[in-house]
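Two complexes follow with chain A in common, the first pairing it with chain B and the second with chain C.
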Partner chain A sequence: MHWSRKLISRLLRYAIVISTLLMLWKSLILATNCSQPILVVLSGGYSFHNLGDLLFVTNYPADSIRAGDVVVFRIEGRFIPIVHRVIRVHEREDGYVKFLTKGDGNSVDDRGLYSVGQLWLEREQIVGKVKGYFPYLGLFIILLSNLPLLDRLLLRVVT
Partner chain B sequence: MSENVGTNDASSKPIKVNKWDTNAVKNALDDACKKYFNETLNYTEFYTLMDRRLYLSFVACLFSLFALVYDWFNPFPKSRSVLIICAVGYFVLMGILTFYMQFIECGKFYTGKLVDKAGVGPESRCTIASKLKKYDDKYCLTLEYNEGKDGSMTSSGAFIRSVGNYFDESGVLHYNRIVADLKTIYDQARSNARKVK
Partner chain C sequence: MHSFLSRLNTLFAFTISVLAALTLGVFISTYFEQYHGTVSISANKPIVKHMTDFSANRKKNDLGVLQLDMDMNLNPLFDWNVKQLFLYLTAEYVTPSNSLNQVVLWDKIIQRGENAQLNMRDVATKYYFWDDGDHLRSNNVTLTLAWNIISNAGRLLHVRADGSSSFIFPDEYVTSRGKNSGRE
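So, the complex of A and B:
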């Protein structure tokens, strides 16, 4: 057998394994309707989530976000999302909603974290609602994130 | 788990494998069969079966690569329809690939053709398939022999032997032994095919 055929065969075998994992991940994104269905808590101490917790997030449009729900949101210009609790919901008759969040361990709301001039969170900025979590499973990912290039690829969130 | 491949001559460095690694053992035996057919019997190997599997895998990988790249440039909500198409396409192709490997390829690792050098005799085709279950020692080899322009004369032969017959305690393959068994069923199949007319 020509060496090129052997090489291609081997490369494709590895590519199939990687592709399958990738496609399973994309399917999870489609199933949860959330761009980041699994996240790792990067900093602890400000909420009931500890460092290294693995969060399971969904983002169904029919699932309304109410005060008391823990949500993951992303501020414009910041790469890492934040997971805090919604403390106030502002709804208009035409269906437009906006939210105010606050970390459980913080004494003030998150207005200091939002962009300059922003007082409320828009629905588009919310990545999803936290449906459950698995403690400490994400510690390995945090260890990996200390490596230079993997930083941007790994899914982390701050509380 | 070391596998020393690369002997082009049976009489030079013998092949040594990790005798407990079923995969390595099966591959070594399959390679020995291929070598016998290619070098001793002068068959020409045909890669159609393998190539079709490689094409299927390649197309599947293209789907996933496209999904990856598209999603990178158009983050999630925008790429939803593309992701759905790629995911469905990928898993359908995986299903086809599994079906292909299970039912169409089913263990065949060699397809070869022998053309009579004088151009007078009929060309003969041979397909070999093997099976070795994980953690089992029974190596099942099936040989299918076709002769004649339209493959009219067909016969097949098979044997099931323990791999212990071909490897010694240190994992060295005894090429002569596997070739002897292979030669027996090949000659048998050939003579059977010529008897049936």
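So, the complex of A and C:
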């Protein structure tokens, strides 16, 4: 076979693999209704989330967020989401609800982490609820994220 | 073909596969477990104060103060997939401005191996019971204990214990000044 044909067929094979993985990832996002359904824990601030653990996150609107739930949220302007527990919920009759979160190992709540002047978290800032957990699998992704440029693409989270 | 490195590589791949299969086995074997339990909780001496909440909107909000009695035996909940139990006590109530309020008053982490039988008397709440407003007086509050099963691998399960209790806050504020001050 001509060398260019071999090259093209190899490139197409790689493209098929990559696009299949991408499609699987996007389907997972659709199925969980969450923009980041799988996250890798970066820091060890939490008592039970160690470096490299994988978290499975969902964001169904019918699955209301209540006190005690572990949620993933993103503060405006910050890139990396935070995983902490909801300690206060106040919901009004019209459906507007606000939350306060705190890390399990911390003695103070997260108001210091929110934006200046922000006292409560709103539903839009919550990426989803943590539903499950798999240890160590994310260590590979953390190793990859140490390569420059690649770390913007990978899914990481701080606890 | 059978160099040291290739053998090491095969060994490594095999180890990872076995660990993955074990983890999956641990996850599946405890997937349907419910982790129910019964506890007994009661609130002592609930009072309401009206103070400025400097941690929040710096306005005067209601602050509930109470002591807790709790009895529970959670040793049966620890199976091979439970690394830790995160216990939390939630106070739930309704106010005219908010149809649902939930405040976590107390929490505790119990690691596997620690004693999970707790008999506590007159424990102060770990966190302040601030209302989002001033509607705690005469309010009927329900206290529920729940736990978060932190497993080695698997679902992050929240289980509410059987045995919640309620109490009603008194009608009037308590001031920190003496009874002769005459003002609330």
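Everything below uses one rule, namely that the second predicted complex is superposed on the first by the 149 of 159 C-alpha atoms of A that agree within 3 Å, B and C clash if a C-alpha of one lies under 4 Å from a C-alpha of the other, contacts with A are read in each partner's own complex, and residues count from 1 in each chain.
We take it that a residue touches a chain if its C-beta (ideal position, glycine included) is under 8 Å from a C-beta of that chain, and two chains touch if they have at least 3 such contacts.
Source: prediction; values computed, not measured.
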First, second, both or neither for A:30, with chain B first and chain C second: first
Partner chain(s) touched by A:135 [first = chain B, second = chain C, both, neither]: second
First (chain B), second (chain C), both or neither touched by A:123: neither
Partner chain(s) touched by A:68 [first = chain B, second = chain C, both, neither]: second
Touch count on chain A, higher of chain B and chain C: C
Touching partner for A:78 - first (chain B), second (chain C), both, neither: neither
Partner chain in contact with A:10 - chain B first, chain C second, else both or neither: neither
First, second, both or neither for A:89, with chain B first and chain C second: second
Footprint of chain B on chain A - complex, ascending: 1, 5, 8-9, 12-13, 15-16, 19-20, 22-23, 26-27, 29-30, 34-35
Chain A-touching residues of chain C, taken from the complex the two chains share: 23, 55-57, 83-84, 86, 88, 90, 92, 97-104, 107, 109, 127, 132, 146, 148, 150-156, 158
Residue ranges of chain B touching chain A (in the complex, touch as defined): 34, 45, 47, 50, 54, 57-58, 60-61, 63-65, 67-68, 71, 75-77, 80, 83-84, 86-87, 90-91, 94
Residues of chain A touching chain C in the complex: 47-48, 66-70, 85, 87-93, 97-98, 104, 109, 111, 119, 130-135
